[in-house]
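In the two assemblies presented below, chain A is common to both, partnered first by chain B and then by chain C.
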Partner chain A sequence: MTDYNFAYLDEQTKRMIRRAILKGLAVPGYQVPFASREMPMPYGWGTGGVQVSAAILVPEDRFKVIDQGSDDTTNAVSIRKFFEATAGVATTTHTTEATVIQTRHRIPETALTEGQILVYQVPIPEPLRFLEPREAETRKMHALEEYGLMHVKLYEDIARHGHIATAYAYPVLVQGRYVMDPSPIPKFDNPRLESAAIQLFGAGREQRIYALPPHTRVVSLDFEDHPFEASKADHACGLCGAGDTYLDEVITDDRGSRLFACSDTDYCEARRAAGHAGAMAAPYAETQA
Partner chain B sequence: MYVAVKGGERAIENAHEWLAEERRGDTGIAELSVAQIREQLSLAVNRVMAEGSLYDADLAALAIKQARGDLIEAIFLIRAYRTTLPRIGHSVPVDTGAMACDRRISATFKDLPGGQVLGPTFDYTHRLLDFRLAAEGLASAAPCAPAAEAPMPRVTGMLGRDGLIQEEHDDGAAPRDMTRAPMEYPAGRDLRLQALTRGDEGFVLGMAYSTQRGYGRNHPFVGELRIGAVPVEMEIPELGFAIEIGEVVLTECETVNQFAGSKTEPPQFTRGYGLVFGQTERKAISMALVDRALRWEELGEDNVGAPAQDEEFVLSHSDNIQATGFLEHIKLPHYVDFQSELELVRKLRREAGAEQMREAAE
Partner chain C sequence: MTPLFSVRNLTKRYGARIGCADVSFDLYPGEIMGIVGESGSGKSTLLNCLAGHLDPDAGQVLFDTRDRGLIDTATMSEPERRMLARTDWAFVHQNPRDGLRMGVSAGGNVGERLMAVGARNYGQIRESAIDWLGRVEIAADRIDDRPRAFSGGMQQRLQIARNLVTGPRLVFMDEPTGGLDVSVQARLLDLLRTLVRRMGLSAVIVTHDLAVVRLLADRLMVMKSGHVVEQGLTDQVLDDPQHGYTQLLVSSVLQV
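Moving on to the complex of A and B:
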């Protein structure tokens, strides 16, 4: 694909996106409008993340793409192939080897380090959207730090259900200023939003970019008497035995049998390669045959 | 025993090959050529050019072929291609008053300078399936008259001379471009018109129809509908003057809307405007009605809370490529989100169950 510029987008467009990214990093949690381009994959398929990745990739990068924590889900494969074809960058499935990781719905289990960049695909960047559908209004609410509506919503959840009934895309307060949607990651991942890596959020259809610089303070919204809790399925991984990872629930037959396994496939494989085994695991060597 | 699923890559490749086979269909039937689509499915081609925002009939026809006739998919192909094109410059405004009209009708005047020209329209056809078309090789030639020499001035211009219709002013500002800058609300009329002309035909039609049924009614008459070719000229800096670089076929609709006046405006007729690539009159008329509905504020009308009066609502939902992408993305895996919901629902049910037990015990 030599007909296209490195990483598909032309340099002027990349420059425009980089300016939005820099502004986002300068004002953590603030949604920066950007002139999102029409990409050769559909809106909703990660066009925001793809544009951010295209703007920051350099030829020396090693790129990893995950969707639902896995490198092998179809859309992760599709996006990885897109950048293999248009940027020719090296790719990897190993979190520790990657310099840029594009993700949908998960933060890798392995703590990220300085120098790494995590790029999120964001469907609806506005945390207040389902409380107030109008962009003109929500922008004003952010400007005035008018977040009462959000607290009322969380309070009503508790009054009605006894719990905050938000399990993913759980809103956070960034550096004591902006309420931010962390994209639809499970709330289990929220504590890892405080990271040594740069985190960039791209919403293509909604034309917004926002960012968390390394070590930004990110607090999940809660109440003193109902503190935030990062919950997960109450099981250990059936394959690698890990007890502290986010788990996928896989239906294994029609009689109600379930397997719980790490959603982060790279993390799980690394543990199995190191000799850890869960209750339902075949010997690791066998699965690699 | 469960082994993590691999093979997304092979599945995708196989799916693409199957898709290509399905697109071609029965190989015993002759393949459609791009030229055949361009010539014989020209209204589909026009829609793809209009909503794809790219005036190229051959590319639109190719996109329709590749998309198996799914026009929104074809529009998507054109949009994605359009993004990669460099922007060399812009044309001078086209003069639709000097259009070489194939069709030109006015619903407000029985006769007018330049006359009524019905043109190639479905309007008065009886919608009876023509089984002769099922037999191949039927070519028809319509009678032909010499091109009209008389100019066809715009109807709204004639009304304007008598001061009966609200005047449009050119504020001289360069129109903004929603494909180059993020949309911000309130957007203003230039961006509204751009969003409407490339918006989904069905959506714009539905919005326009809702105004006719009373959700923000604005009493439109088709002052004029004209379809035809206009020359496109561009200023060439090295030359210092504009030269003609081609021509485009456009459909233009100006509605004349009854208006009793408001706090700020005297009684007069007002206008809605539609301009769309190709022969696309349903879209152009719809666009004019929605444009008029969105102008409530500048004309000092009341906002009655109708959807078609709500600029942010109309503009942020009119693009079918955005809409279809976001709608269809729910096909993508969401196991992680679903899992977290599953945990939450189980927890809430456990607690609700315990609560019921306690109440029953009491």
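Moving on to the complex of A and C:
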């Protein structure tokens, strides 16, 4: 592939993005502005994540893309193909083999290790956006650590629903300093934000990059009498039988039958290959035929 | 006795024009100062300078802080000033829409200042919200309604509750009764007077309504074209106005 520079972006752009990433890593949770480029895909499809991935990829990397936990949805397939074509890097669907994982809306179930990098696609990086629409004001609030408003949102949740109903993009406090939007991951994944891997967040349209270095303290906001709870559907996976994973609810017919299955397809497959089977699973060998 | 709030030669210009010029006064704990004057006389400019919303061009605004005594608010760091604005100070806007979060329930509006200073117990926040709604005569079952669903008078009372919940020592009010009909105005004034006296608050009230200052203010300052033309005890100024403009103002009030 000679028509493109390695990983699509030119070297100066990658350098600019790397500087933003380094600054983000130095100030965990702080949103670093960067000069986001036009990418050959629409905003909302992961332009921020793609730019971050492009800036950090090296030819030896093994790249994995997940979209809502799955390796085989349109978004995941097209971004994986994009980097296969423009960077020529090896790709994989196995979490443990990947060195760079770009994700949308999930953190893999398998614990990440040192040396791995998780890249998030972020639609709206500003956790205070819907409470305080003025960008100048929210920046000031971050600078002065005025985060009372974040709790107003949680208060409203409890007042209206009796419990904190925010189920995704659940705000977290990073290293006791910055309140951060962890991108629209389910709050079930929030405890896994404290990870051994480097986590990078890219928002293309909003032109912001932020980061969590390994083992950063990440606390989900809550009230003393309404503590944070990493909730999930109260079922076991119908395919692999796992009881501790985040589940997708799949409607299987028009008579109310449904299947709960791991949203992390790689994790689910690995379990089934290892002989685990859920209540609704066909024998594993049959599915491989 | 040290004043709670002391203003020295405060001046604010808009280019060549004068916003307010050379204003000085002391405000002691528990005292209410009224500022009256016609539209364009510089009342709101003065109030915004006092409350730190505008930077004055000259002069000092001193406040008796809890930990450091009387200091110039202009020399405070921004975090300090903003902290002051949500703990010891309160600002009641003329239009409740400016002072409330219209998309947040009444309880959330009242609780915001508590959460901003670190309250993290939902039960307690809700309890004090209910308590404060009661004090401003809003039924407890309206706690989860948004201010949009409230009448103008209720919105204004909610704004007052939201401001007083952290027990401020100094309240700035910009035409608190503006835009309300007379019977609602009377109830709001009655409520304000009770709250202010019971909590021992100091307040600076800007208004063009002489009845409001007659009821609430201990002292009165009359402004015209950016200058203070007369000041003194409220009853004294209103009953025996000395300056020509004050005489005009007092005689302009319609008697029913």
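As a convention for this text, the second predicted complex is superposed on the first by the 288 of 289 C-alpha atoms of A that agree within 3 Å, B and C clash if a C-alpha of one lies under 4 Å from a C-alpha of the other, contacts with A are read in each partner's own complex, and residues count from 1 in each chain.
As a working rule, a contact is a pair of C-beta atoms (placed from the backbone, for glycine too) under 8 Å apart; a residue touches a chain by one contact, two chains touch by 3 or more.
Here the structure is a predicted model, which is why all the values come from computation and not from measurement.
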If we overlay the two complexes on their shared chain A, which of chain B and chain C does A:155 touch? Say first, second, both or neither. second
Considering only touches as defined above, state whether A:39 meets chain B (first), chain C (second), both or neither. first
Scan A:23 for contacts with chain B and chain C and give back first, second, both or neither. neither
Superposed model, chain A: greater residue contact from chain B or chain C: B
Based on the A-chain superposition described above, do chain B and chain C contact any of the same residues on chain A, and if so which? none
Over in the complex, which chain B residues touch chain A? Could you list them? 1-9, 11-12, 76, 79-80, 82-84, 86, 179-186, 312, 316, 321-322, 324-330, 332-337, 339-344, 347-348, 351
Which stretch or stretches of chain A touch chain C in the complex? 131, 144, 146, 148-149, 151-152, 155-156, 158-160, 223-226
Interface residues, chain A side, partner chain B - complex: 4, 10, 33-40, 42-45, 47, 67-70, 72-78, 81, 104-106, 123, 134-136, 161-163, 165, 167-169, 184-188, 205, 207-208, 231-233, 238-239, 246-250, 252, 259, 261, 263, 265, 268-269, 280, 282, 287
Give the list of chain C residues in touch with chain A in this complex. 78-79, 82, 101, 104-105, 107-108, 111-113, 115-118, 120-123, 125-126, 143-144
